[in-house]
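Chain IDs A, B, C, D, E, F, G, H, I, J, K, L, M and N follow the sequence of writing; residue 1 opens each chain.
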Amino acid sequence: MVSIITAGFTIAVGSIAPALGEGRALAQALLAIAQQPDESPTITRTLFVGLAMIESTAIYCFVVALIIMFANPFWDFVAGG
Amino acid sequence: MVSIITAGFTIAVGSIAPALGEGRALAQALLAIAQQPDESPTITRTLFVGLAMIESTAIYCFVVALIIMFANPFWDFVAGG
Amino acid sequence: MVSIITAGFTIAVGSIAPALGEGRALAQALLAIAQQPDESPTITRTLFVGLAMIESTAIYCFVVALIIMFANPFWDFVAGG
Amino acid sequence: MVSIITAGFTIAVGSIAPALGEGRALAQALLAIAQQPDESPTITRTLFVGLAMIESTAIYCFVVALIIMFANPFWDFVAGG
Amino acid sequence: MVSIITAGFTIAVGSIAPALGEGRALAQALLAIAQQPDESPTITRTLFVGLAMIESTAIYCFVVALIIMFANPFWDFVAGG
Amino acid sequence: MVSIITAGFTIAVGSIAPALGEGRALAQALLAIAQQPDESPTITRTLFVGLAMIESTAIYCFVVALIIMFANPFWDFVAGG
Amino acid sequence: MVSIITAGFTIAVGSIAPALGEGRALAQALLAIAQQPDESPTITRTLFVGLAMIESTAIYCFVVALIIMFANPFWDFVAGG
Amino acid sequence: MVSIITAGFTIAVGSIAPALGEGRALAQALLAIAQQPDESPTITRTLFVGLAMIESTAIYCFVVALIIMFANPFWDFVAGG
Amino acid sequence: MVSIITAGFTIAVGSIAPALGEGRALAQALLAIAQQPDESPTITRTLFVGLAMIESTAIYCFVVALIIMFANPFWDFVAGG
Amino acid sequence: MVSIITAGFTIAVGSIAPALGEGRALAQALLAIAQQPDESPTITRTLFVGLAMIESTAIYCFVVALIIMFANPFWDFVAGG
Amino acid sequence: MVSIITAGFTIAVGSIAPALGEGRALAQALLAIAQQPDESPTITRTLFVGLAMIESTAIYCFVVALIIMFANPFWDFVAGG
Amino acid sequence: MVSIITAGFTIAVGSIAPALGEGRALAQALLAIAQQPDESPTITRTLFVGLAMIESTAIYCFVVALIIMFANPFWDFVAGG
Amino acid sequence: MVSIITAGFTIAVGSIAPALGEGRALAQALLAIAQQPDESPTITRTLFVGLAMIESTAIYCFVVALIIMFANPFWDFVAGG
Amino acid sequence: MVSIITAGFTIAVGSIAPALGEGRALAQALLAIAQQPDESPTITRTLFVGLAMIESTAIYCFVVALIIMFANPFWDFVAGG
């Protein structure tokens, strides 16, 4: 039963940092566009590549949460025990 | 019964960071518009794409909370046990 | 009985971040209007769209709190058990 | 009996963030008026709309606290049990 | 007996944020008056309206604390039980 | 007996925020007087009105602490029980 | 016996904020005197009135601590019980 | 026996804030002297009056700690009990 | 069973710092591009090499989490015990 | 036996704030000397008087710690009990 | 069994600081390149040497985690006991 | 046995603040030398006197730790008991 | 068995501060090189000597962790007991 | 056995502050060299003397940790008991 708590905890805690990091990067990107409108395509492209990289840590947590809930190897052990 | 606590905890903690991150990005966006009114469409478009990306981490938590409350695989096990 | 605690905790914790985020965005919006009075309509419109997006995370928590108090699927189980 | 604790905790914690957020927005509004006295009506109007939106998260907590104290659905269950 | 603790905790925690928020707003108001003495009436009026709005969250806590101590609906239940 | 702890805790925690808020407002007031000596009466008057408003949250805590120690309605119940 | 702990805790915690607040106000006052030596009497007078107001929250705690140690109404109850 | 812990805790915690507050005021005083050497007597006098006021909160804690260790009214009760 | 908790905790905590660090680096990169558009290729290349290095600490956590869940050497011991 | 823990805790916690406060005052003093080399004697004298005042809070803790370890009035009670 | 928890905890906590430190250094490096494009090779080389040095603390943790999981000297003791 | 824990705790916690305070003072001293190379002897002398004063709080902790480990008055009591 | 936890905890906590400190020093070094390219060799040399000094605290922790795991003097006592 | 935990805790916590303090001093030293290259020998010499002083607090912890592990006076007591 503890895996429910763990899954919720994992996805909840694991989404704090990416959201903060992305918010910071996004805020700075808008400031950068306002300072150098001519570099807008370069900034936007770098921003989205970087956001995807940060998002990947959130996805790691999401994957682990799903593994814990649906496909953890202890399931068969518990079911059979 | 612990899944109720987990669901509430997940959505409560999981919505802290996106709200803070979006608030920061939005605040910077308004500052950017004030500095470069001519780039307003570009800033607004980048802002909303980025907000959607940050919102996605909140939605991950919302999805996991709903899964925990309505469709977790342990339900059948508990019901049958 | 634990669902009362969870509901109160969810809505209490879940309303911290949106309030802080909206306060920050609103504060910056007023600063932006003071710097660029001519862009006041654009800033106000962007502000309200963004506030609605941040408010959505508070509403997620409110929805989950109401579900926990009035319509959680464990209710029938407890009532019948 | 736990609902008394929950109600007090909910309204106490739930009023931290709105008060801080409103304090911040109000402080910035006064600064904005001092910088652009001519935009005073616009700033004041935007301020009050935004304060109302922030206040709404405090009211969510107030509503949930009252529901927990006076009208929670578990009441009949406890009274009848 | 727990309602005594809750009442004290509610009013103690619930008065942290309003005091901080009001202190911040008041500090900024004085700075604003020093920068724009001519706008002193407008700033003072906006300040007091905003302070009243922040004070309202402290009053919510005060009301809930009084309800918990003098008029909570569980009282009859305990007295009769 | 718990009411002694509660009373001490209430007045101790409840006096943190007003003291900090008043300290901040007072510090800013002195800075404002230094910047605009001519506005000294206005600043002083606004300062004392605002300090009284902040002090009110400390007084709420003081009142609740005294009620808890001397006049709480549970007293008769305990004395009679 | 718990009243000893409470008295110590009350005066210890209750003197944190006034000391910090007064330190901040005093620091700013010195800066203000350095910026506007001509306004030194006004600044000093406002400073001491404000310090007295902040000190009052520390005195509230001191009073409550003494009441708890020497004159709390439960004393007779304990002595008689 | 608990009074030993309380006395140590009281004086330890109660000396944190005065030391920080005095450190801050002292630091600012030195900066003020560097900016306005001509006002050095006024600054030094105001500094020492203010430091004495901050020190008073530390002395409150020291007094309460000594009372707890040597002269608390429960002593006779324990000795006689 | 404790390994489920550990795995979730590891990946959740372990992804906080990389996300924050990457968000900071990305934000600064965008600022740097806005300041020196001509150095955009150098900045982007350095950014991605550095991000990969930061990401490596997240991958360490991911590897350890997978080892804990699927291939920890205690598994045979528990299965055989 | 608890007095050993208390003594260590008292001197450990009680030396945090004076060290930080003195570090801050010392740092500012060096900056002040660098800005106004001519006022170096005044700054140094004020610094050492202030440091002695801050040090006094550390000495309060040291005294209480020694009292707790060597001369607390409960000692005879324990030895005789 | 506790070594699983320890390994996860070690690598999770141990990767917080390196990631933050590297993020900070990387962010500053990009800023430095933007300010002095001509020194780009020197900055990049110093950056990577420094990153490797910071990374070493993360590797210490990784090594200890692996030792704890696969080769700790208590293993034989437990297996033989 | 608890005195081992206390000694370690005392010296560990007691060395946090002096190290931070000295680091801050040292950092500012270097900045001061860079700004006023001509005042280098005065700054260095004041720095070392101040560092010695800060170091004294660490030495208090070291002395108390040694007293606790080697010469605490309870030792004979325990040995004889 | 507790030595496994201690070893992991020691190296995990002990590597936080060096990594942060080195990251800060490295970041400042890059800024310094960007400001004074001509002093690059001096800065780099001072940086590496300082980094080695900071790294030494991490190595202290690493040494203690290894001692705890492989060569602690209690081992023979436990093995023989 | 508790001395293992204490030793690890002592050296882990005790190395946080020196590492941070040294990192700060080192970072400022590099900045100072960049601002005043001519004062480089003076800055470097002062830096290393100060670092040695800060390092001393880490060495205090290291000494206490070694004493606790190898030569604490309770050892004979435990071995003989």
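Here is the rule we use: contacts are C-beta pairs under 8 Å (C-beta built on N, C-alpha and C of every residue); 3 or more make two chains touch, one makes a residue touch a chain.
Please read these numbers as outputs of a predicted model, since none were measured by experiment.
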Contact distance in steps, from chain B to chain H: 6
Rounded Å distance between chain F and chain I, as computed from the means of their C-alpha atoms: 47
Geometric centre distance via CA averages, chain D-chain A, whole Å: 30
Centre distance in Å when chain D and chain K are each reduced to the mean of their C-alpha atoms: 43
Of all residues in chain C, the ones touching two or more other chains: 3, 5, 7, 9, 11, 13, 16-18, 20-24, 27-29, 31, 33, 35, 47, 51, 58, 65
Graph class of chain-chain contacts, one of line, ring, star, complete, other: ring
Ring path (origin chain D; first step to chain E): D, E, F, G, H, J, L, N, M, K, I, A, B, C
Contacting residues of chain L [partner chain J, same complex]: 2-3, 5-7, 9-11, 13-14, 16-18, 20-25, 27-29, 31-33, 35-36, 38-39, 42-43, 46-47, 49-51, 53-54, 56-58, 60-61, 64-65, 67-68, 72-74, 77
Contact set on chain G toward chain H in their complex: 1, 3-5, 7-9, 11-13, 15-24, 26-31, 33-35, 37, 40, 44, 47-48, 51, 55, 58, 62, 65, 69-70, 79
